[in-house]
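When the chains are written out, they are named A, B and C in that same order, and each has its own residue count from 1.
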Amino acid sequence: MSRRAGLITALIAVILVALWFLPAWAPYFYIFVAAEILILGLFAAGFNLVFGYTGMLSLGHAAFFGFGAYVTAMLLLHFDTPLAFALIASLAGGGLLALVIGFFCVRLTEVYFTMLTLAFGMMVFSVAQQWRSFTGGSDGITGFAVGSFGLGLDLTLGNPAVYYQLTLVIVTLAGLCLYLITISPFGLILRAMAENPERVAFTGIPVRRYRLYSFVISGAFSGLAGGLFAPFTRVASPETLHWSQSAEPVLMSILGGSATFLGPFIGSAIFVLLETWITSFTDRWMLFLGIVLALMVMYLRRGLLGTALDRLTKRG
Amino acid sequence: MESFIAALMNSLALGMLLFLIAIGLNIIFGVLNIINFAHGALYMLGAYITYTVAVLTGVSFWIALFAAPLIVAAIAVVIERVMLHRIYDRPITDSLLLTFALLLIIDETVRWIWGSTIHVVDPPASLSGTVRLLGIQQPVYGLFVIAMGLIVGLGLWGFFSGTRAGRVMRAAAIDRKMSRLVGIDVPLVFTAVFAFGAGIAGFGGAIAAPIRAISPAMGANIIVESFIVVVIGGLGSFPGAFLGALILGAINGFGSRYLPELNLVMPYIGMALVLLLKPQGLMGRTAS
Amino acid sequence: MITRITTPLGAAVVGAGLTLGATASAQEPISIGAIYILSGVGSTYGEFAQNGANLAIDEINEDGGVLGRPLEITFEDSQLEAQAAIQAMRKLVYQDGVDVLMGLDSSGVATGVVPVVPEVETPFIITHAATPDATGKLCNEWTYRNSVNIPQNIKGAAIMADESGANSWTTVGPDYAFGHQSWEYFQRYLGELNPDATFSDDPSFPAFGTEDFTPFINTVISNQPDGVFISVWGSDLVNFTRQANDLGFFDEDFEVLMSLGAATEVLSALGEQMPTGITVGTRYWYGAYDNEMNKAFVEAYRERHETPPSYNAQNAYSAVYAYKAAIEKAGEVDKVAIRDALKGMSYQAPMGEVRFREGDNQALVGPTYGVTAEDPDSELRLLDPQRNFAAEDVTPPLSETGCNLGG
């Protein structure tokens, strides 16, 4: 077991090194593809803390992701805030919004929880859409400059290669934090709750409060992902708050495997690469996605990574 | 006063249309324990079939009104046999995921077959124009929509309480194992229920065709509204779908008239309030 | 009938392939990247743009291409989202290596994309999005627009409104930047023309994609203004008009003015349900330009697609010809050279001679307005009388645009 863990760690290290030097060997366009995979992967991994680990399907996580995007975009636009501080604000903002929304949502379970997250998510979307003077309405926030990073680092963030490498570092650090959370005693309690909340409650653990903790941490990382996304796409728009944006991390977690930590990242890579690849020769990408998703839900519910790991464990 | 009556009648027409979609959603949830994300797409299919029958082939709108639900129900049989029956034992969230995939497939296929241009269907001559009622001019078709909603509602109520098939469906919903023991063919009932619910959505699409622009976006627009309706009324509840549809119809009909700034956000506030105060919905059974 | 849309497109693709094979020789094609809405709401606009651009490319390639090189085009879906459009632009430039860019269907997408165009260092001609900001406060030297923008479109509406004699006005517009900006410009321009004009403080802004316009229609009817200015467009306008018919909206005693009511997709969807005698506008009307190029364009387009070209088709068609002119003027396929050649350039389009104004890169073009009338030969409405607005009468002076790129 420890040998396999070592192997996986080594593999991840190799991938990370390869990703770091991506601008040196891959076509320029793949910098953008890789940055998108990393950011959406972080969003999906943050989301999966609630979905895969705590067993609750949220259809409102775009609220946190989009909120993070708006926070960073507005700080950059109005105050020329160094990016590091804008990202910290997005992380905190996502967590705070998740605290407010989660306070209500964790009272419910199963499909009622899902519907309530959908309602709150769409409330945030509606506000961004209609409060034109503050949020820019349907146009969102555009035309902000990405200036300095802060923290004494001299980075040319306008250069996509530099921004990509920064994204890689931040996503790696954030992913590591998330991973440590999932293997901590807290993370184990979450898993136990997903399997049998009654039994966990019986041991005296306040289930509802733990669900809220999980929701807030998940919202904070989603907010951070949104904060990285706005300077990458150069816009914070209401679409990042819409329920269809909430569906993306769900699809990614399913594709990669929601029971594994790296599943959402793998799912993000599959999703973005497939989309890039398929849309280059047909605009029927949604049809293809629908069929793949249907097959995954019916036959490979544990996702690609999850299924692969199952096979490996069976053999070993 | 006049604008109040206008808003009221409009809310009713809107509510009845929502009812036609939400009722199928609720029947399917009640019996199959599936939340059908693709229900709006089935409604859209109904509208496109109506367009094809009534406009392209030139047969009358009245025939389309029968053809649309039947064809949609037939498609639903295939969907249930190929896809849905595999996930009845899974957590309910899996049904959301699978039917979301279905929504993508149907949306794209519709765009493939009919293109993405806007289509319209003319209402039959007997239902166009306005009549004077309650002191204002009312569109005849709006009154027709209200009447159709009420007829379908009453018909379904009679069906579930007064016929053997209706009682079998209810029995299957309450206890699958028991139903099988007393000789009810449960898989067949499930297929029939999904086709039935989808057929009503197809009928809703046919009814909507003369008043809505038929475009590939119409399914996605209505599905979230239908969720609001069934959540407010109560998931799986028959009278709930009716009440929820009337409430959302009123929120939209009066809200856009009197509170335009809060128009978008109000339905979601209503949905959240109901979920927090009475998660089973206004008409839902209190014990699950 | 069902394959009505796909067959001509397929034929076009085959045709393009054949002509490419015939004339391409060993020359490497000049590559155009196009970003339009190809899925979901409004994808009909992307289809029209594809039709127009493909037609222009086939014509040019049959004629021997540009500088002896054939043209090729790659379409990407904007999904009506700024972030998707920006990603598409990066893909076209960095992955597909296109030489020039065109497209954009919505103001929201344009406000996101325009500031990023200088980063990809590729000329971009906007062919549809009408926000004044694209050639106003967000303008830059890489971005051009060959289509009618909101101020030009609405100035025409204000002149028509002034001449109608109606004084008290209200609006029904989509509840996003476009609808609100249209109403703001309408008030400003009409207020300048007619000091007696008054504007409702209870305007109606239904959400974009609203299915039920009845409450908004009832609001207008119960307010009884002298005139109502409608900036709702596309499938929303089709819905609006049909529901308004049902409620007797057009029988009421007020002037009805639709800034995009003469868009051909709206007219062909509505057919005889479009009332006669109302004032409608569009950013290009196929019957409004009496020149050889327009005649040939309308005929060729009709032959392929069995419908007259919409404004979006003309604008995309025209943009391809703009690039042909710019590349020939530059004498080479170099991004900076093409960008500089476009500056202040005039070229022939179906709309007549079009010039990009130096200073903001906005094309000097004007809208067409007219009164809907029955067409004895068709179910579709035509415009009679119709009126083309000259660019100089409707284009705001450079000082008002918030852009100055220098002469």
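Assume a residue touches a chain if its C-beta (ideal position, glycine included) is under 8 Å from a C-beta of that chain, and two chains touch if they have at least 3 such contacts.
Quick caveat: nothing in here was measured; it's all calculated off a predicted structure.
Asker: Please categorise the chain-chain contact pattern as a line, ring, star, complete graph or other.
Answerer: Complete.
Asker: Pick out whichever of the two, B-C or A-C, is joined by more C-beta pairs in contact.
Answerer: B-C
Asker: So which chain is farthest from chain A, going by the mean of the CA atoms in each chain?
Answerer: Comparing chain centres, C lies farthest from chain A.
Asker: Could you give the separation in Å between the centres of chain A and chain B, each centre being the mean of its C-alpha atoms?
Answerer: Roughly 33 Å separates the two chain centres.
Asker: What is the distance in Å between the mean C-alpha positions of chain B and chain C?
Answerer: Computed from C-alpha means, the inter-chain centre distance equals 36 Å.
Asker: Would you mind listing the residues of chain A that make contact with two or more other chains?
Answerer: Counting only residues that touch two or more other chains, chain A contributes 129-130, 286.
Asker: Would you give the residues of chain C that are in contact with at least 2 other chains, written as numbers and ranges?
Answerer: 39, 207
Asker: Mind pulling the chain B residues that touch 2 or more other chains?
Answerer: 263-264
Asker: Chain B touches which residues of chain C in the complex?
Answerer: 1-2, 4-6, 39-41, 43-44, 46-47, 204-207, 209, 211-212, 214-216, 218-219, 222, 234-236, 238-239, 242-243, 246-248, 265, 269-271, 273
Asker: Please output the residues of chain A touching chain C within their complex, sorted ascending.
Answerer: 27-29, 32, 36, 129-130, 132, 136-140, 142-143, 158, 229, 233-235, 237, 239-240, 276, 279-280, 283, 286
Asker: Applying the document's contact rule, which stretches of chain A touch chain B when the two form their complex?
Answerer: Answer in residue numbers: 57, 104, 107-108, 110-112, 114-116, 118-120, 122-123, 126-127, 129-130, 243, 247, 250, 254, 284, 286-287, 289-291, 293-294, 297-298, 301.
Asker: How about chain B: which of its residues touch chain A in the complex?
Answerer: Interface residues on the chain B side: 35, 83, 86-87, 90-94, 96-98, 100-105, 107-109, 112, 224, 227-228, 231, 235, 261, 263-265, 268-269, 271-272, 275-276, 279.
Asker: In their complex, what parts of chain B are in touch with chain C?
Answerer: Interface residues on the chain B side: 2-3, 6-7, 10, 13-14, 52, 56, 111, 113-120, 122, 128-130, 137, 139-142, 210-213, 215-218, 220-222, 252-254, 256-257, 260, 263-264.
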